[in-house]
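Taking it in order: structure first as structure tokens, then the write-up.
Chains: A, B, C, D and E, in written order; residue numbering restarts at 1 for each.
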């Protein structure tokens, strides 16, 4: 409780809490030997949609739990708005969480689960029922309001968890994989719903997801975490087009990384001796780097593009939208996708020689040394 | 238990269980008022990778639970191999399950969780430790073997659940969204692992997933469930290219469905009066249908293709690999993707007129009436 | 941790007294409750060092260790205590086993007569001790079953069962059945599933039931008296002795059991803790 | 709840119920037989379907019956109030010492009832410190006392049945998933609300078990009233005691016992319906 | 009958008509109610008896309440089953010794084997439940009188009137649960004869006690659990047994015991031979403990009143202080003031029930 009292005072002097946003300042949390979150500093602007991406076990949930007030940071401070909330109990934070493990109340009906937060705020009768049913409608759970959680399917439970948090219109909503158990169709639908709610009520979302497309399409800002630290933070396009580390490059969608040495600005000599042009040239001469190129940016044949590579088709597999080729070259094996709609998309047999080319604009350079750490 | 006895006898007469595969024959299961699985009949060939797709709450888990022996079907019979297993308790079925809710043993360490099944088979000492650690290695959980489940992150727990089932090399493996909580990179890695194991040991996989790409790339056969029934069953390409119902069409990736009437074989008059050619013509004249076309099969401009549509760009959004356009036409709004790698991919501003065309081969016809039921 | 150390003081500087009270209220309460529970024991312990000249150990006379040194000076006391402990251990063990099984059946299975059984379980508890003891004696006599150790044991098990059943049931309700399913799925037969999964998870319930049974048994007077034949348990002895006095040795024995039990439990806990630490170490 | 049928449940019930049948049910039948006898010890009893025994039992000892239930009820309530926070603390803050604390709860039973009570008499003596303080605080009249009052009797029952409340409570509390409490807090529930809306409901099975384990034996208790009460505090247990031992009126004693049991069973049934834990406790 | 291993049970008659002692004697007594040899920590008397006669006494301290013990043994006895005892000890302020005899559940003493019976105190020779001592012999006796805590009373309380009516002692008084004890003292105070109870005298006493209870004058009816409160000072004065006070005074000199001026009550723990017991061996044992030496040895240890004449003189040799204690060896003047309660009244169901209601049950 210690901080609580002091905070009461603080809030009086502090600016009105409306302009709440989330700020973590050098936050660290370890569980006995494991460092779950390591000196994390990040700022989430009010009303923005902030996505937290990262490999399993990198500290996403722990971060959310600290914002929600379920874990005390070992070090560092957390701010909601201008208000340092370290030590403030969860129920005093205008933050709601969709828990990764749902944490639905087994003894309450779906209705009561969703109504829980509202009741705490003395909302009653028609108004209560109205909002609850509206919310259950939004998550497609009509007519299940009298069931108990254990009578629901996984996805249905997850949607209840979502509804239970959303119905309160908090300043900040923490979502820990809120859609992970939903099928694509429903997930898209929910994504739209979330976006709408965000626009309408201007909630700040902190969204943990494993679905990169989800992050890409929904988030204003994405932070890629790794081992308790933030590896790169920025708008979706940047992270995808200009990953700063090979970890990010690999983490966001498949990447082809070709090791080489910087010749002179704009030019990299690959292991095979072959030289390729790259657009961003701010790398010092002689440094070991890797040239990155997204599979879908590799074109088959096509003299039209500056950089060329030769190889032979090792594998071909069908992935709905496109055909995926694994091509082995002197600089390592590359993956590429060819749109099936393109003429003769699936035509190349394994073993066939293949000419590949890519635009310097489409390539990016990451420090090669980092390649190991993934 | 009564049924068990009778089964004991049966097994004696039955063929050797090796050639196990899973067969459900008119299986029905309802929970009080809800019919979770409705007269389901399906056959999973031995050693095949069978994916179960379907919207949340359609009965996937219930189906798995009946195969695993945790629920008794109200009607119908279940066979493992040639052996009717109705009433056979779970531990007598050579089937292992990865539970959607993990169901890890909270009182046992990770090691003991994974070792549980092996110990039941009297495997001890070095051999036991060896296999457990190998498996923990496969799921990237080195050095966590002495932790308790609650000390793991969501994804780590899920991997333990996976390891716990895999380590036993059962005849049939039931996976209920085994990779749902993993990030793309890890998920891909696990997918490969699963595929390998399947090839090496020839396990039969029944795999519930929400990740369509996962289903597409991994499964030999996909069954799309809806409301406890199987809507369509077949190899991935078929389902994607030739969905038989609009539900399947919509469920597997976005689809543009244009309502119209069959003019004469191969030709459909859309609402706007515009006529388009379609390849599969086995539909009777005059029937109300919908012409389906995948977003990525729609080309911008391009006189080269038989069918054309006019419209104006309503929305444009960026989705990493491609740019997504929402186009409104006389026959309804269409979605299409343009590869960013294509020249001038993202160039069209909202409001601009746009010419679309598609190949009759790329289009499919589904009965229009079904459109509602989604 | 060093980082943590830096900011902890910050937290503490802001600690008001009221805040402190608020945070530690529950703990304070718990301590209070334990004082209330153990106060009489404290007195008993104190008076085990009393040095009364007469046979009544009521008024503080002075400190002495004699009672402890000559703890078995009172004839019959030692045997009585040993008998009581034997009975209490055996009866609580058996009753716990039987009771747990009943609880499992009642919570886990639907069967004809479940409701009735549920109610019947409460009957032995609601039967006044005297009549219960007496009619049980009648039964033994009609069977020409010599009363003694065996009959005491039988009686104690009988009235312990219900308490165990009710306690264990409270644990079984809300047990996550999926865990048992998982065990079965991994090839564990029902018995193994029970041993490896159910049992460890409901252990607190069973322990609690066992403790209750032990407490009941070790403290029972009426029912025991009727069926004890010529055996004398600790409570019987004390009630008898009370007529001519309460020798301090009674306090000594009581204290001893109390201390030994707690010490044993503490040791057990510490050992387990060390083991688990050791296991972690190996990892 | 109840899942597979078949013989298993009966196998599980078998040993325990057999035991109860042999060593409880049979004596109970003898008792029932006795309760319908008439006559006197000196001239012997005959079985005469003497239902009047029951009628007399109810009419003559209304007061003691009611008193028993009132005292037992009060004691149960007190025990609940006292032990809930305690076991809550043990369950959520007890750490690895949980079991030690549990043992400490039943520890008073190691010294037998008489010694315990003597100790209490020592603590609550009219000349003792406690009473002194209470008198100074004017909670007690200057000549007021604690021993040999209804307060003493209820307090005695409370103390001696506390473990029967505490342990089942602990059992239920100990298995509550803390994540649920977090979720409740996340939804603006103050500590009190979390307790009322989540912890308490989830611990109901424990409350149910505890209250019954306390109330039922307490209602039949006689020893506390005998040692800590005046003649005006005697309970139905004392009546049965004296009927059986002093007056050697076995039929009356038996009839009274059955009346007591009947009341209790009806109570239990009603209670479990009311609390809705029939469903919970299976 | 006889020992539980059945051997040498009932005294057998040899050809010569000479009686033989059984190998073992089964003796049930109250807890801590026999002398303990400080060296062997075993009952000295029993050892001496064995040395003298070769009969081992199996000694059970399994009696701790007359009613409860009777409730326990009555069923086998009523079914004609033996209870495996040769001697049991019951108190005559309860109805049970009489009941045992009336029901024919007691064996006659073999007086030929008890020459020492002549040492029985005169005042104890003709109790109404066994006028000629055909079935019973006293083990120890005790007197019921008034104990006062001088701290609170100042001077010893010597009348039942103070006890029952003096407001000074309101709520600081206890009476005894046993009808015989309380009734006889009240009757004596009323000027009635407790050895021959009439409805009139009973009603008179009953009403007086009831009044005292209702007024709150009487705090509790007790067994010997008055001892604690008395010595702690919760009680000003109470009805109490001489033997207890002997012990209590050692710790609390402020306690004083005396007979009411109007006279007191004497009760006796009687040795009886339950049906199936070995009368001859039992009698032989009784004879042994009626040897003044032995009697003195027992009395000196248990500090109750010895029923044996001459025990006092013998006690002189053991422990002068004890011998001088009139609570253990009352003088004849005291003995003349104590009465034995009418045993007919003790078996009067109506009296008993009314008594039970007044003491609360």
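Observations on the model:
Operating definition for what follows: a residue touches a chain if its C-beta (ideal position, glycine included) is under 8 Å from a C-beta of that chain, and two chains touch if they have at least 3 such contacts.
Just so it is clear, the structure is predicted and the values come from calculations on it, not from any experiment.
Core chain by CA centroid proximity to the global CA centroid: C.
When C-beta pairs in contact are tallied for every pair of chains, the largest tally goes to C-D.
Chain A and chain E have Cα centroids separated by 91 Å. Distance between chain B and chain D, defined via averaged C-alpha coordinates, is recorded as 57 Å. Distance between chain centres (mean CA atoms), chain C to chain E: 38 Å.
For chain B, the set of residues that touch two or more other chains comprises 101. Residue positions of chain C with contacts to 2 or more other chains are 58, 130, 134, 138, 174, 190, 239, 242.
Residue positions of chain E with contacts to 2 or more other chains are 65, 68, 71, 225, 228, 232.
Against chain A, in their complex, chain D makes its touches with residues 177, 179-180, 182-191, 193-194, 197-198, 201-202. By the touch criterion given at the top, residues 28, 30-33, 36, 41-43, 60-65, 68, 71-72, 75-76, 79, 81, 84, 223-225, 227-228, 231-232, 243-244, 246-252, 302 of chain E touch chain C in their complex.
Those residues of chain E lying in contact with chain D across their complex are 65, 67-68, 70-71, 74, 102, 171-172, 213, 218-221, 225, 228-229, 232-234, 347, 349, 352-353, 356, 358-361. Partner chain B is touched in their complex by these residues of chain A: 31, 53-57, 60-61, 100-101, 151-156, 159, 176-177, 180-188, 210-213, 216-217, 236-237, 240, 250-254, 294, 296-297, 299, 317-322, 337, 339-341, 359, 362.
Against chain C, in their complex, chain D makes its touches with residues 1-5, 8-10, 12-13, 15-17, 19-20, 23-24, 26-28, 30-31, 34, 82-83, 85-86, 88-90, 93, 96-116, 118-120, 122-123, 159, 162-164, 167-168, 170-172, 174-175, 202, 205-206, 208-210, 212-213, 216-217, 219-220, 222, 237, 240-241, 244-245, 250, 253-254, 256-257, 260-261, 264-265, 268-269, 278, 280-282.
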